[in-house]
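Down below is the structure, laid out as structure tokens.
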């Protein structure tokens, strides 16, 4: 489908970086492709959940995955940092390349997960202080120096736009924060690992509208530094914050394109039905 | 789970290599710890059965005579445990007949009828009593129940089957009450409301809706209480009288299986000791059968 | 007719509850009434004297020894076994076998443990009738208790904690000791405290493995009496109900203290982790 178009754009961009030639207009916003998924099939035991999914995700963009419940979008997301490995009986075929390296070829999931951060549906801070939560990842990597940790914690909390709200209570339990604050600390916790990619699995589904807005704002600001892949149920949200949108249905990608195109001129009837709210 | 497309396998960083090694080693250690309980169970069964089977396998003793013999005179090489088997069965059934209804009714009372304040005081107190060493129940039995029976029934010796039954029934009470109460409290409120809304009285609701809904928890309570009664040893020694006769009345002095082991293990040797292990096997089988039967009942009852 | 049945059942409920409470109050009342006269500083902290009138310090020390030794061994093994079952094992035949074994161990009466301890630890391992032999036997008795309660505690740890930690590039082991075990701590502790109660209350198994020497144990390889066994022996041998009741008071106070500390600790820990 549109994949070939993307690859085409992709090569143009690469030329851009080296050659500085070609018109600025032609460049669009696409960076280099960060994640290449080729013909991914996933099975839970006998049951197949993903069918031949291929997708190129571009650097420093927000890519939204939309679709009705059970369409495989979360499953797909969780393949990108191999969280599906935790489930017994999961089988995967196909390729997932991040920075041209196949993540399923190496068994170093630790390295993968430090590079690919994740924010979950519900805030899942640990029952520890805010500080310890954010320092949790770096400490796991063996960083013990107090000053260094202080710096990482502050930078990460600033990066998640929550520093000002929590700087005076870093040592108090993170579970005392509101849901929206907790989710932003979760984002800070992911940022603290200095990842390239951040996966978000319906990060605002448990939040009130105001907190949701704050998180969305944050995501928009974060894309200058990170490649973000977000699963969302909320089509307005996908339209507001994402550059690219992939529409999943029954374990397949129906359509993948610039978000504007998906919402204004979808190619597939099913996409149109979904984004206009006719089913889902 | 890995995908064999490219041969380019990434090198794992040194720090991570150590983590993966630790990961592997630790999971093995955890496995060994978990297997330890299997190992000890096998060891226990192995030892008890090996020792207990020895006289029948190698010593020429008849297992049937052992089970059905009525004389236990180790000095004369007579080892029959029928009196003890019967004593154990009588004592256990008797304790169940008294302890289960009282325990269950108390649990129902605490969960459904008692005021919140009363339940808040009584329930923890009963829970605490479940933790009291069983020997103390025996001491109580010897000091209060035995003389009471002796005086009111005009017995020569108050230590008797009925004394054992009473002590065991009392001892089961806290366990049955505590576990059954929890089970009854766990029944959803909607069940009660549904029944009451249909015009059924409170008592009717309790017995027709709440208790059946809590059935499996109540059975667990009975099993746990039963386990406590069958296995009890020291408290029983104090009130049983320990006579080696087949009991024919509630006032007969008895010697259940457990007490036989405890009383004689201290000085037994050779075949005598092995026969005590054989007594242990019988006790063990007794409990296995009971657990099996109760598991069947609860499987049937709980769909 | 229905009215009559309801009233009858209602009456039986009240009667049963009254009976239960009355009997249990009677037992505790009896123990305190009979034993209270003997309770004194010298009784609790005095050495035992075979001629009578001495204290029960040796039995207290023996009881503490048995608690300490069996918990030192059973706690780590039990917790790690539970961790394996809950966090590592794939559901399958092996787990079923382990579960079955643990459950069976729970159902074995203590006199059988005593028999086993008497041949295995006392005779085969040549430990003799001793505190160590009794403690090892008790270890096996409390192991399933600790495994069971730890498993229950691990089950209550939200899966989100595990995912969160793993997604941050932590290994399972790191996740375990940094997040999961701390969260499960109140439950694990209450299991350990439950085990203390079981050890303190145990008599038959100790009777057959530790012997009955009524003296201050010189080492863990000495034969000795725990409080419970002492209480049994003074009743059985000397018919000294008052002394047995006085020991009973010490035991009841001990159990009460254990239970209260369990409630206190788990409340405190819950607060520390959740707020």
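Chains: A, B and C, in written order; residue numbering restarts at 1 for each.
Going forward, a contact is a pair of C-beta atoms (placed from the backbone, for glycine too) under 8 Å apart; a residue touches a chain by one contact, two chains touch by 3 or more.
To keep track of the chains, here are their UniProt names: B = Phosphate transport system permease protein; C = Phosphate transport system permease protein PstA.
Not measured: the values here are computed from a predicted model.
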Chain at the geometric heart of the assembly (C-alpha centres): C
Relative to chain C, chain with the most remote C-alpha centre: A
Contact-richer chain pair [B-C vs A-B]: B-C
Whole-Å separation of chain centres (CA-atom averages), chain A against chain C: 50
Separation of mean Cα positions, chain C and chain B [Å, integer]: 16
Centroid spacing, where centroids are CA-atom means, of chain A and chain B in whole angstrom: 55
Multi-chain contact residues (two or more partners), chain C: 171, 174
Sequence positions of chain A contacting 2 or more other chains: 110-111, 141
Touching two or more other chains - residue numbers and ranges from chain B: 19-20
Sites on chain C touched by chain B in the complex: 2, 5-6, 9-10, 12-17, 19-21, 23-24, 26-28, 30-31, 34, 76-78, 80-81, 83-85, 87-89, 97-98, 101-102, 104-105, 107-116, 118-120, 140, 143-144, 147, 171-174, 197, 200-204, 207-208, 228-229, 231-232, 235-236, 241, 244-245, 248, 251-252, 255-256, 258-259
Residue numbers on chain A that touch chain C, as the complex places them: 81, 83, 86, 88, 110-114, 117-118, 120, 122, 124-127, 136-137, 140-141, 173, 175-176, 186, 189-190, 193
Chain B-facing residues of chain A, complex: 85, 90-95, 101-102, 104-108, 110-111, 141-142
Residues of chain B that touch chain A when the two form their complex: 1-3, 5-6, 8-10, 12-13, 15-16, 19-20
Chain A contact footprint on chain C (complex, rising order): 90-91, 158, 160-171, 174, 178-179, 182-183, 273-275
